């Protein structure tokens, strides 16, 4: 029994059906972790992107090193670091939050590049036109640069959302009860890993398919009249 | 345990990580070519298998794949009466290679498609067979195109090897965990771990860059 | 046209790294005057316009627009110090610019391209701005294209929107940087027509960098031949085109008129 | 591998789960603990010269045997009816009682497993695959209050940071962990859990893949010999087992333990 | 030059979707003949060469090369059925093509560009192929460039390699699709020289699409004027260039010769 659901080991099919609600409970956690992790990555990535673009080398250079460092070290190790080291300095986050934070940090290295590329793709000619019309720098940024950067940024961000989802199982090592962890526990208790793990694989295929289609829909829906992409 | 005593076990683990990375990257590259080319095949069966492989391994989580190979596959084998009990090293290399291969296949496909039709027409005019065209004309030109993405995938693969510690393979992360079990000295051990991975990634990046300039030397040759 | 110089370059120096593009340039434009700038590629023609539009700073000398220094401000003791962003903002409102590549905002409709700045910068009400925008579209012959996006228009139409957009800010001075050289030959005429109409009917001061010699001749009060960051020769179009006094000018004209 | 194969090659693969003091491998790769030390003595008797030690997660021990990743487990795994259906057990090598690891000072005032059933605000950590799970379930602890960790060593961090209020493990494990870190201690005045009217005591033995009866029988024979020597009790007590634990080891047979319930 | 038609288009139809590019084209080339094809853009000139080189299929009619159908094979009962890839491979050995954009293999040295196909397709030994390749490079005046990569050469040199590469396969028929139109004007001469030399000294059948009227006139035995997928007029170069009988030809020649 797990989360109040009994399993039925009489046949593989009965077993699969009986543990589906258990796995769905885990899937809910997977989705929550994906969403929170993604939001953290969006915010942190923007911060890194802004720092990397800072005119002062004293700011830009360390930001670049930090990004590279994050990008070149495994999520699992970063997660261990946050989970076991932060508490030594008095910062104790619940496992779920630690996991989402680790995902967000790891992916901020990637999203910061997406921001940079998106913003750089809006050419100087657009900034000059705005300057010739006396737009304030803020107005230029919010009304000229950002609207043109968004259609370039959204698809790339969408891909990372899907990647984050696929990395959530790593959080199982710090006791987060996401889908894989739940399946593993079911396996530990029934000694049948084949059914639960195969189901996780199939459910993942469905989730990524749905998420990718969602991203594509969003991308198609976004207005991008004449904005040169790529 | 003094922190300098962490080095010998960590180095042993790092060596395992290096081997895992090398083997699975090579396996991944081979799979990337097979299925990247397969996806472009006009034979629907080959194309179908390639698409299925790419979609399944890109659509599911690496850790799920790893656990499936390690925990579930032996049971599936048992049910079929085949011995599919893979040793951890094999399961690890296989999972990493299959995963990175699926991503690589898309890179290979994209690079092959980026070779201009002009080149195919020239090859046809010289009466190359489709296979000769692929191996003598298309692929040599596509390889430099692939290298930057392959470089990123190799680093990705290096990072992903950390996951094999979860199936008890004595890689770098596993060794670090072992030491932490003894000493509970999380700050030191994880800092060393992060730095080691960072260093390995930098070395790998340099190697991949070197490889890139080697395979694209015909592009950069100067008169 | 009066005799006050509305634009004045006084010993202006402009460098890009080691390259000195303008070397102590002196240059004046009177109020209401229409001046064409011609000259070989790289001679600094665009640079002059870009300095006026405050897209490029200067390294030496003084530029005045409407009697006030553009890139400098008068300090309390009467000396000149480099201009603040606020000063540049104020000065910029007197100028409008039409770009070679149009530089329209691709994510805004034609009408919004024209009304955005009047609303946000001049503080016009939406209604006012819209009305004015429509008048301007009428002027450039695009009244029926107001709700399209730039990429739905031909190059010539886009450039006419660019002109309307610059005019919407009611500048005293309008700068054109090769407004037709990115256009297919058959579309050049419609843009030149609009510029010609403006030159005739309005009291605007106009500064036009162009390779369209025939057109420059028609509309200009004065033509300046630039070469290596200096004005080599200037004068009424009839003189300069038919009987240039400098050898360099003659060569250039021969090359482009062939 | 079969007994024959093992004796022919002189080499056996034995797994431990990195649990002090039952079975663990120090960073130099040297296996230690009650299980490994006894296993070494047994293998010597069986004429097997070379032992290849494998470290794995506790929850991977049984799947690992089934997948032929090792021939034997020397983790003092508790002999339970459920497990007997999956694998073979030797006769008990040791017996041990339960314990609780809590944060220093025991701020939540926890003294028994049943506390978690009575107070739903308390969270208790257990190791994936360990038999404490079954005890908690029988005591009626809510699933939501169980925190499943992957390894014993994670317990220190889990408990000292308050991610769980206690770690339920055997008394030996708990005291071993408590000795490693000042942030945690063994819960005092511990009341042994009573399940189905009986005080819980576990009997640990060596484990083999089902079908490998020959190896088990050979190990049983050698184990019985070894247990008759004083060396055996010294080995166990060297790792913190009490005289009661040592004596208790002989109170049940594997047959009885497997048939329980 | 004999009287056998080595190339024959018989009522050939070629469509791209809705667009009929060749509409029942009849066209013949005799063995050893040098034929130039001229005509406006989009008239189907390249399409004729591409069909011969088997880069494009046909929708109707029959093309024969050396008396054998190109895009068809004779079935057992004597009727024609669409050609198999093996048949096309066999037929292709008779033809060589020089492309407008050269289409050299950028990853191979000049010499390997020339020897690769003889080795892989004709099965020549490396030594033989290399010797032959060097002779051909001599012929096109590039003996000293054998070990460079294509991007290290000028356009004119690249195109001469293209010619050598086509010749290395010892075709009977050589097709040129605007071999000089991607070249800077000053490099056109060196390529035309090589083609001219080939035309003079070899018994090759040559089919040349070109905009170089003067050159076409010099080297061709016959010039065909294509318009909308048909041969509007053909004849000896003297006649066709000096006194075209069709109005359409006259217009075209006037436009290109101006």
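Labels for the chains are A, B, C, D and E, by order of writing; each one numbers its residues from 1.
Everything below uses one rule, namely that a residue touches a chain if its C-beta (ideal position, glycine included) is under 8 Å from a C-beta of that chain, and two chains touch if they have at least 3 such contacts.
Bear in mind that the values here come from a model prediction, so they are computed numbers and not experimental data.
Peer 1: Show me the overlap between the contact partners of chain C and those of chain D.
Peer 2: A
Peer 1: Using the touch rule from the top, work out which pair, B-E or B-D, shares more C-beta pairs.
Peer 2: When B-D is set beside B-E, the one with more contacts is B-E.
Peer 1: How far, in degrees, do you have to turn chain C to put its CA atoms on top of chain E, rounded to the nearest 5?
Peer 2: Value: 175 degrees, nearest 5.
Peer 1: Measuring between Cα centroids, what's the chain most distant from chain B?
Peer 2: Of all the other chains, the one whose centre lies farthest from chain B is C.
Peer 1: Starting from the mean Cα coordinates of chain A and chain D, work out the distance between those two points in Å.
Peer 2: From the centre of chain A to the centre of chain D is 39 Å.
Peer 1: Round to the nearest whole Å and give the separation of the Cα centres of chain A and chain C.
Peer 2: About 48 Å separates the centre of chain A from that of chain C.
Peer 1: What is the distance in Å between the mean C-alpha positions of chain A and chain B?
Peer 2: It comes to 22 Å between the two C-alpha centres.
Peer 1: From the mean C-alpha coordinate of chain B to that of chain C, what's the distance rounded to whole Å?
Peer 2: From the centre of chain B to the centre of chain C is 56 Å.
Peer 1: Scan chain B for residues touching two or more other chains and write them down.
Peer 2: 71, 166, 177, 180, 186
Peer 1: For chain D, what residues touch not just one other chain but two or more?
Peer 2: Answer for chain D, listing residues that touch two or more other chains: 63, 66, 150, 157.
Peer 1: For each chain, which other chains does it touch, given as pairs?
Peer 2: Result for touching pairs of chains: A-B, A-C, A-D, B-D, B-E.
Peer 1: Which bits of chain B are touching chain A when the two form their complex?
Peer 2: 55-56, 58-65, 67-68, 71-72, 75-76, 79, 155, 159-163, 165-166, 173, 176-177, 180, 186-187, 190-191, 193-194, 197-198, 201-202, 205
Peer 1: Taking the touch rule as given, give the residues of chain D at its contact with chain B in the complex, in rising order.
Peer 2: 18, 24-28, 54-57, 60, 63, 66-69, 150-153, 156-157, 180-181
Peer 1: Enumerate the contact residues on chain A facing chain C in the complex.
Peer 2: 125-126, 128-129, 131-136, 139, 143-144, 147-148, 223-228
Peer 1: Enumerate the contact residues on chain B facing chain E in the complex.
Peer 2: 118-119, 121-122, 124-129, 132, 136-137, 140-141, 218-219, 221-223
Peer 1: For the complex, which residues does chain A have touching chain D?
Peer 2: Those in contact with chain D are residues 1-4, 83-84, 87, 92, 94-95, 173, 175, 177, 181, 184-185, 187-189, 191, 193.
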